[in-house]
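Think of it as A, B, C and D in the order they're written, each chain with its own count starting at 1.
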Amino acid sequence: MSIAGAAASADFTKICPLVSRRTNPKYDSEQTRAVRVKHVEFGAGQPVIIGGPCSVESVEQTLELAHAVKAAGGDMLRGGAYKPRTSPHDFQGLGREGLEILHEASLQTGLPIVTEVMDPRLVEQVGEYADMLQIGSRNMQNYPLLTEVGKFGKPVLLKRGMAASLCEWLGAAEYIAKEGNLEIVLCERGIKAYPSGEYSRFILDLNVIPALQNETFLPVIVDPSHATGVASMVEPASRSALEAGCHGLIIEIASERPGAACPKCDAAQAISPTALGRIVEFARSRAGQKAEKACAI
Amino acid sequence: MSIAGAAASADFTKICPLVSRRTNPKYDSEQTRAVRVKHVEFGAGQPVIIGGPCSVESVEQTLELAHAVKAAGGDMLRGGAYKPRTSPHDFQGLGREGLEILHEASLQTGLPIVTEVMDPRLVEQVGEYADMLQIGSRNMQNYPLLTEVGKFGKPVLLKRGMAASLCEWLGAAEYIAKEGNLEIVLCERGIKAYPSGEYSRFILDLNVIPALQNETFLPVIVDPSHATGVASMVEPASRSALEAGCHGLIIEIASERPGAACPKCDAAQAISPTALGRIVEFARSRAGQKAEKACAI
Amino acid sequence: MSIAGAAASADFTKICPLVSRRTNPKYDSEQTRAVRVKHVEFGAGQPVIIGGPCSVESVEQTLELAHAVKAAGGDMLRGGAYKPRTSPHDFQGLGREGLEILHEASLQTGLPIVTEVMDPRLVEQVGEYADMLQIGSRNMQNYPLLTEVGKFGKPVLLKRGMAASLCEWLGAAEYIAKEGNLEIVLCERGIKAYPSGEYSRFILDLNVIPALQNETFLPVIVDPSHATGVASMVEPASRSALEAGCHGLIIEIASERPGAACPKCDAAQAISPTALGRIVEFARSRAGQKAEKACAI
Amino acid sequence: MSIAGAAASADFTKICPLVSRRTNPKYDSEQTRAVRVKHVEFGAGQPVIIGGPCSVESVEQTLELAHAVKAAGGDMLRGGAYKPRTSPHDFQGLGREGLEILHEASLQTGLPIVTEVMDPRLVEQVGEYADMLQIGSRNMQNYPLLTEVGKFGKPVLLKRGMAASLCEWLGAAEYIAKEGNLEIVLCERGIKAYPSGEYSRFILDLNVIPALQNETFLPVIVDPSHATGVASMVEPASRSALEAGCHGLIIEIASERPGAACPKCDAAQAISPTALGRIVEFARSRAGQKAEKACAI
């Protein structure tokens, strides 16, 4: 039976010629194509650290956390205005109001914004406010949506589906690239496997980082918040991800201020701004060491 | 260990009150809410057998196969006009032309049509031709799309995501139900697990059939073509699925006529109309035996 | 990267030439090599139904259930004397005393016995009482044990490991065959995948049945008790497994007599002798229909 | 969903009271019980780096690699004398001869030895030569073997089964502890999940490291060679594992000397002694930084 080899025989030069390293020889075996979001650059040396709330819940909460991200040394602000939730009866995000709050937070802090878009009909609306459009895990293979963000042209953060193969992931990126948009950053966010739910929500798959870098020139970042689902695991997972060679992190935070409201979603995985600061410091010192070594040689 | 740990703790009465058996006491512990698609009824006794090509490729191919489904005793016609493909460079379906071909095939054979819609902006177009709208695995958590087919009101075939939990699947159904549309049929189509690709494409999960029937009154069918990915496994998988208690099957076929063109996608899993006929016969004789037994008592 | 294809490229003629269909042309593409355990034959037409308690707990319990298996029409008696348990502080089985109880039950009912052996040093002891030696899932790749039961020569029931590939499973069978013992029956018992624990304990993998029959001439049975872990799923899973083409079933039962003690292990998956009777009846009538059809032709 | 559902409901104080942090209050919430193997200590600050060939193939090969481990700054020597192989027709290791070669290598270099034992009848023989006995993944739930190494008393390296839950793994450790032997080091080595075989052999699960440290005081190391199966992934995986908080690494190496023979097993995952040296350097500098920081405070 020759079912298998789906992977082994997967011909990336045919499936995703626009994002494959092999069909784009100007990127040598290690080079990453940098993706610029305003003044921030993914894949250009310094890891990019994105922080912010799971979802935008109010002006106060968002501004507080945006300033906290800034103070911690973070590069960009995340926050959901349109939230994909397992049940339609759960909080679905503030929608356009949330986008306006993010915009205000960006004005005050100078941090570019990444936020999720789920509906091809809302790409223009979300894209008006966002500096980078996030495609969530549930929509990694929502091809009309990928096509629409491809056409829109702003940078895209493409999260891996919860059970996506490398082949399916790069195929999804190719849908965006086909519309002429190569401003794509990939994001590993944990996969489903048998231990999911025993001690962590998903399984952080770091093997995929060098595998991606072998196959594509697109930058890749890691979401340790969803990949673990447990606040106390986020810091070690962040350091591990950086050592695996990723180009940045996207992390959920919540206020540690006494009296701050508990987040409406994913509270268990939010870390404090203080912890975010330690992660930023680790990322910077690591990059510094590398630069130092390079100079010494 | 307490089995069904997550499920036990997942509160279906909160996540999906509209489709949960527990919050709808008029459906007793075994009763299914029948879903009618023209003259065909899912969950009303006789299993519903849906057959047809993976994708609509031409008038000739589709008419030939539609007549073959009819001759084999099948109840409905399947066929993709809009095809979700891993690579954007692969055949994406004939679009509206494909819908018109399906329509003609339905007129000639009297078979109602089920076909996939991927884009919320195309629900009206696809829904004009289709008697039942299919939400594919990749889009099980595409919530704007679920909302749109919920509003449209025609019956929906909701395939399970490749890594969806029971909870996530019923949550997806709830998005449709929330718009006032309870005409939902669930479809198990194989999940991703470590053996995927060694000897079959996905792992057919029949345990989920009684688990679903325990939690919801919605009918459930099985797609043995995608769940196996191997033509020679489709027949045994179909019989197994019926014995597990499902309310129907959706099966891909291809012409066995000498000189017929090879399908443009998923050729390895298409069975012949003759094999489809044997499956229909098995389904009917099984239902007959049950009726006979019921009479004897 | 050419990691994959572990499966695709797996050369069964090298890995397991003694049990591979391809290297043993006397078994044509469908023929099974029957394995005889006393008067019972696996792979010779009639499915073999094995029933009994999870573990042997007392003379009374075992005799009651052995007679119940006999009365239900079962072919063989199962029951654990040496029990592999996740914690060393759980009940580990009665050991040799359990074997003697099984022996007495076999004398009274005429049912051959299958029971697990975990320790290569106990193969002789267990083999003195058992008519068939069971290798449990946890020990599928315990090669010294496989070698020992291979040398001992009595029939072996080789359960699939919880995460075993087809290749690893047949490789394990080859260890037994290499010692000159081809009296091997394989047993699918559910695999670990992401849904394990949500609604069933393991995922029953029926795709592996035709895959096995494609690669080897060894008979294969199914354990629906462990594959589901839920008593109410055992009957549908049993029927499904028979339709998938397996050569038998091994099922855990518990007394339905008022006042009967609750089993010390795996109580949630034990079915009643009455339910076992229905499964036997299904298996017999199915085999009968097949024979009738064959005669009619 | 409450994370760690199964784990939360799994009562570790009953399943594994001897190795559970909760039932052993003398180990506070972070403390590790150090395990000493000759002069080497696991869990005592400095990460322990173990290097060596997959299997012992000859005196020359083993001595060369042992000296290379020593020169690279490694702490211990690994090497298989008894090799568990998927097929019985593959090289099974040199057995006692291999143990003698390891012994000679240890004498020449001063490196303590860890090597695998698979058979309870060989625990004494292997234990005569080895300073630490390895239980391989395939035998994690081989309870008679665990009991035997528990009785023998020498330190044990307990690898995680390819599909073992946290609960099953700690249950296995408890079998060793029950015999009075607490000299146990756990080893994460990758799990089976749907991507296994596409771009890496297994999925390195680093989430389990903090999860383990939350539940037990036993030290834990990581095997990046098996967890990836790809030589070029071993270095990043090693650094990631150290950042995740593990207490050491066990790594397969092969000679980079021109003309050196290709390893008889797992050649694709062996790294060079030079690469091992970089990993040791990373581990040492990291530990150094930590110590420096501690002094500064």
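Annotations for the structure displayed:
Convention: contacts are C-beta pairs under 8 Å (C-beta built on N, C-alpha and C of every residue); 3 or more make two chains touch, one makes a residue touch a chain.
Please read these numbers as outputs of a predicted model, since none were measured by experiment.
Taking each chain's centre as the mean of its CA atoms, D is the chain most distant from chain B.
Counted by C-beta pairs in contact, the busier of A-D and B-D is A-D.
Distance between chain centres (mean CA atoms), chain B to chain D: 47 Å. Chain A and chain D have Cα centroids lying 33 Å from one another. Of all residues in chain B, those touching 2 or more other chains are 1, 5-6, 163, 167, 192-194, 197-200, 230, listed in ascending order. Against chain C, in their complex, chain A makes its touches with residues 1-5, 7-9, 163, 192-194, 196-197, 211, 214-215.
By the touch criterion given at the top, residues 1, 3-7, 163, 165-167, 191-195, 197-200, 203-211, 214, 227-228, 230, 232-233, 236-237, 239-245 of chain B touch chain C in their complex. If you check the complex, the residues on chain A that touch chain B are 1, 3-7, 14-17, 84-89, 118-122, 138-139, 141-145, 147, 161-163, 167-168, 171, 174-175, 178, 192, 197.
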